[in-house]
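Several structures are given next for inspection.
Shared between the two complexes below is subunit A, which has subunit B as its partner in the first and subunit C in the second.
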Partner chain A sequence: MRKNLKKYRAPYLFILPFFLLFFVFQLIPVLWTVYISFTEWRGIGTPEFVGVRNYQKLWIDEMFWESFFNTIIYWIFGLVLIMAFALLIAVLLNSSLLKGRAFFKTATFLPNICAAIAMGLIFRMLFDENMGLINEVLAIFSVEKVPWLSGMEYSKIPVILLIVWRNTPWYTMIILSGLLNISNDYFEAATVDGANVFQKFVYITIPSIRAILFFCSVTLTVEMWKVFNESYILPGPGTSNTSLFQYMYESGFNVFNMGYASAIGVFLMAVLTIISLIQFMAKRKQGEL
Partner chain B sequence: MGYGKKRHLQSIVIHGILAVIVFICLFPIAWMCLISLKDTQESLTGFHSLWVESPTLNNFKRLAELIPIGQNAFNSIFTTVVGTITSLFFCSLAGFAFAKYRFPGRDFLFYFVIATMLVPVEVGAVPLFVIMKKLNLINSLWSLIIPKIATAIGIFYMNQYISEVPDELVEAAKIDGCSDFGIYLKIVVPIIKPALASWGAVTLISRWNDFFWPLLFLRKQAKYTLIVTISLLPISEGLSTPWPVILAGTTVVILPIIILYLILERFQKGGSFAGAVKG
Partner chain C sequence: MKKKMFLGIALGVSVLLAGCGSTASNTGDAAGSTAESSGAEQEEAVYPKGTVTFYMNGNPQYRQQYFETWLEEHRDIAPEVEVEFVQVESNADAREKVTMTSLAGAVEDLPDAVFLDRLNLMELAQGGLLLDETGFLTPYIDKMVDGAVTEGKVEDKIYGLPDSVRPQLLMYNQEIFDKYGVDPEQMTTMEGYIEAGRQLKEKSGGEVYLSWIGSNDMTWKCWGRRGLMPQANAKIWDEEGNVIIGTDEGTKLALGALDTMYSEGLLMRVEMYDPAMYDAVNSQKIATFNIGAYWDEFMRQNCQVTAGQWRIMSAPVFEKVGKAGAPVSSYMCLVNKGEDTVYQGLIEQMWYDYTFDAESRIAWTKSMEEQNAPYSNPISLEMLEDDFWKEPSDYYGGQSFREWEAKTLENGADNMIVTPQDAEGDLIISTEIEKYVAGEQTMEEAIANMDANLKAKIGTAQITK
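Let's look at the complex of A and B:
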């Protein structure tokens, strides 16, 4: 053991920073969160152990359930829309008929570079009920003014649109890298056999990039459960847009209810673990892992 | 319908759909730049927002009066640049160790690194704040840099890329008596430049745009990064900051990073191993 350490001192030293940082800034905080969630703590003084009381409070807290429900909406719409658009754009960008590919690739990637907070402010103006451009355009089709940001039933739409607008390019890029690896022979053979565009898409493209699509949906799921910026900068009336992660932040750092915030954190962690497990089990069942 | 004609039609459809998508992608950005140049007296209602009567830079001046923009910009640039450079260095160093050394426990440790990606560090925000306070890093830009010096995803990416570096190169350097760090610096780094450029671009963007961590760790205006300052603009003048001034703020955040991205994009291509093996 000691001999090995000496012989391989360099590589161990090279990977050491990661493990140190992981320990201090990831593992300890996560475990500590579990502990704090069983206490009553205002951020100062000693935490007082209260058992599962924070979790009992969660159970009957309507705001918690609303933010949970909101997060599910963001997750479902984000996942479905982003995957659909990313796949569409990637397939278009990969088409052999496309001219000016470099331009289209760069232009469709730009939203991903723009800060969600800054874009959120722009969306606020675009979707403004009285002076926003969106309502003005809709007025041409004689649609009544829509209270995008102040109406309970509409306020999540700008948030979802911002999430989709900003995140799609990243997944487009990943899917496109997968499409580039599909051998052209398959498509040529299919063309000879008389397959049309949609048949080629369903029987060649999709199966070839299944692993990448799976990877995208897993990472996207984690991202969507952690939505914070978009709903923070585009708040609807009351808590109608609050995400779970945002509710955790507000409970901890606006109301200084650290124990309660930690309980929300633990809940979030549990949800993410369960979802990842289900996804990997489903994958294993298909015999692909 | 003939084959050529069908292809022609397909081509039109493809370009048409992409043109619409590009419009949706670029319109909000272009619109923002436009409004940031509008005089605050001009109408912003609906279609009026699409036209600038007399372009002015006054909004940027107002912005500078409203917030310490120079200080905040410095904070953003500092955390982004230092954060990206340190992260590239430590991630590629660890990636190199995993890719080119057969040390005991390597596979286990590598899977461990990957598995840490599934633990969302954000859920530990409350204790992380306490840790930062104990380390005296609240209101310090280092609170944003240090935890992300070596990230799992960065190590994974670098490992993938460095694995493709031919083993002969590393072996030859070892025989020549090159130290381990020397091999990294003189052999590996020059070859993985394209990977460093593309990972560097990704890191730059995410650091520049980071909002949650600066919001959490930086608690006074002189220490804010641009993003945090901008997020507070709508309420900074008693709820009545004019929209052109706010959008001048978002322009300051968005435009530099777009320009930087367009420049960096040129460095991402190329990078051949063949030359390195021969030479």
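Let's look at the complex of A and C:
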């Protein structure tokens, strides 16, 4: 061991800063969170050990389960819509027929650099039941006012739209970088063989960027489970729009129930670990990892 | 040579340390002497150079103006002291920041004082993060409006210097009532209030709503905790901290009244503070607000179109109970920074003058009026006698808002018991009310769910006196 350390001193030294930061800012807080989840603590004084009480409370807490299912909805819709739109826009941006590509690339990326809270406020005005633009437009077609954010039926739609609108550009750029790396020879050969646009897309484009799509789906999954800004700024009645991450924050910093918030955090961590493992296992089964 | 250099460095370091030590001890003396003394003695203390930091929500920049002027006039005791107001989102946000800073051990980064409500004051006081102000405040209690210090007390010690005590009152648009021939006088009782709403709805063909209701937590905060619940003498917890909201008659009375108004279409569904709310007020769709006096500043800032149309009266009472809404108190709490507590005496002096010095307070209030900025009535009984606090307000058609703010404190209901579990309790209760407003459940179901969830998630609350 000591011999190895001496032999590889330089590489170990190079990776040391990462592990130091990881240890101090990630591993210790994670272990601390797990410990706090077994205590009752209001942020002041000494945490009082309560065993698995916080986890039992999760089981009976309707607001927690509603937040959990909301997050699943955000995850599924986010994953499907963002991936679909990102792929579509990336393909369009990569098209040789497109003129003024630099402009369109910049315009596409704009939603991602806009502040989430500012955009959330604009969405809130757009979807306002009484004077929002969306309802004003619907009124032209004699559609009655829709309680977008004040009813529980439609309240998640503005949140999902905001999530998709804000996140699509980022993934578009990642996919576009993958598309730019596909050799043009494949497409030329396919043209010679008589393949149409759709066939080229399915048999050349998709397989060539499969690894990038997998990377996007993993990072997007983590992002969707951590949704906070969008649901926070566009609240629905009760916990109808609350994400799990938001509920954890509110339990910790509005209600000051740090033990319970930590238990939610541990649950969230477990869910993300399981989902990521499933994704990696599926990929391995396909022989791609 | 090396020895000489070492000696030189050692000498330099020791001189520097001595200098620091002397500064620290001076600082400590100033703080210590002012903390222990009062009145004339305090004025003799000279405070060290630095910044007095406050955490406050709302519009702290206006309060800062008072304290900056005050410091300019007191340069003899604070020649190099500045004041800084940090805006926080809410009382809970202030508490979070203080708690987290303290937890991180960054005591020097803590504010010197923070403005809090009962719930957050109680938590920070119990955590030892606030200074006990009992000794300083006791001589002044009789000089302030009733109940000014009540919510600042924890286990018989006073941790908050009262900043404001603002009543629940009824604002109504006289022009709307005149237009439809509805008598506002009937709104002295809750039963009459609802009846006035029915008449407005009928005579306006459903164009005018009695008031508002929203599908976020403001409905519980404005209509519930500070409004109808105390007015109906409703209770969430009993004396032992057990959940009783499901069986409490007061709760049924309070939330039943809200249910009657909403189910009969007397309340417009619109969110508090949203532009749509102000738009509805400006277009004369909302006729009344049964709300805390703080709402005045939002009306003046956002609803100038209806200036001169509004009037004030006491909040309607339930005939069975006979009490108006509960006043909302805010406290300036001094933060316990241990050895870094330097400006305690100075802040106490600032608070004293803000509370009892008529001249400076009136000058500041006039400046606030010129800027259309928020201000509240003083809590000093003597100051309230001054005619200035009875001057007519243009916004209220010549009626004196300030005079009515004082008057409406007279029949205020007691505030509901506040427990450390109330932040969680409010979240549970508000969630059920929001679902009710969204049409997902009846009020009976909402109350039953509140009861069940409070019992399941909290069980017994800790009653702190």
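Here is the rule we go by: the second predicted complex is superposed on the first by the 271 of 289 C-alpha atoms of A that agree within 3 Å, B and C clash if a C-alpha of one lies under 4 Å from a C-alpha of the other, contacts with A are read in each partner's own complex, and residues count from 1 in each chain.
Assume a residue touches a chain if its C-beta (ideal position, glycine included) is under 8 Å from a C-beta of that chain, and two chains touch if they have at least 3 such contacts.
A quick note: this is a predicted structure, and the numbers were derived from the prediction, not measured.
Asker: Of subunit B and subunit C, which one contacts the greater number of residues in subunit A?
Answerer: After superposing on chain A, more of subunit A is contacted by B.
Asker: Could you say whether A:211 touches subunit B, subunit C, both of them, or neither, answering first, second, both or neither?
Answerer: Neither: A:211 stays clear of subunit B and subunit C.
Asker: Determine, under the contact definition given at the top, whether A:143 touches first (subunit B), second (subunit C), both, or neither.
Answerer: In the superposition, A:143 touches no partner, neither subunit B nor subunit C.
Asker: Give one of first, second, both or neither to describe whether A:76 is in contact with subunit B, with subunit C, with both, or with none.
Answerer: A:76 contacts neither subunit B nor subunit C.
Asker: Let me test your reading of the model: by the given contact rule, A:125 touches which partner, first (subunit B), second (subunit C), both or neither?
Answerer: In the superposition, A:125 touches subunit B and subunit C alike.
Asker: Once the shared chain is lined up, is A:52 touching subunit B (first), subunit C (second), both, or neither of them?
Answerer: neither
Asker: Contacts for A:255 in the overlay, against subunit B (first) and subunit C (second): which applies, first, second, both or neither?
Answerer: second
Asker: Applying the touch criterion given at the start, work out whether A:281 contacts subunit B, subunit C, both or neither, answering first, second, both or neither.
Answerer: A:281 sits against neither subunit B nor subunit C.
Asker: Using the touch definition from the top, say if A:235 reaches subunit B (first), subunit C (second), both or neither.
Answerer: So A:235 only meets subunit C here.
Asker: By the touch definition above, which subunit A residues appear in both interfaces, subunit B in one complex and subunit C in the other?
Answerer: Overlap of subunit B and subunit C footprints on subunit A: residues 124-125, 130-131, 253.
Asker: Of all residues in subunit C, which touch subunit A in the complex?
Answerer: So the residues of subunit C in touch with subunit A come to 92, 95-96, 99-100, 102-103, 123-124, 126-129, 214-216, 268-271, 274-276, 279-280, 420, 423-424, 427-428, 430-432, 434-435, 437-440, 453, 456-457.
Asker: Looking at the complex, which residues from subunit B come into contact with subunit A?
Answerer: Per the stated touch rule, the residues are 7, 10-11, 14-15, 17-18, 21-22, 24-26, 28-29, 31-32, 35, 44-47, 49-50, 90, 93-94, 96-98, 101, 103-104, 106, 109, 113, 116, 118-131, 146-147, 149-152, 155, 180-181, 184, 205, 208-209, 211-212, 216, 227, 230-231, 233-234, 243, 246-247, 249-250, 253-254, 257-258, 261-262, 265.
Asker: Could you list, by residue number, the parts of subunit A that touch subunit C in their complex?
Answerer: Per the touch definition, subunit A meets subunit C at residues 42-45, 57, 60-63, 124-125, 128-131, 147, 149-152, 235-240, 250, 253-257.
Asker: Help me check something: in the complex, which residues belonging to subunit A touch subunit B?
Answerer: 4, 8, 10-12, 14-15, 17-19, 21-22, 24-30, 32-33, 36, 88-89, 92-93, 95, 97-99, 104, 106-108, 110-119, 121-126, 130-133, 135-136, 139, 165, 169, 197, 222, 225-226, 228-229, 232-233, 245, 248-249, 252-253, 258, 261-262, 265-266, 268-269, 272-273, 276
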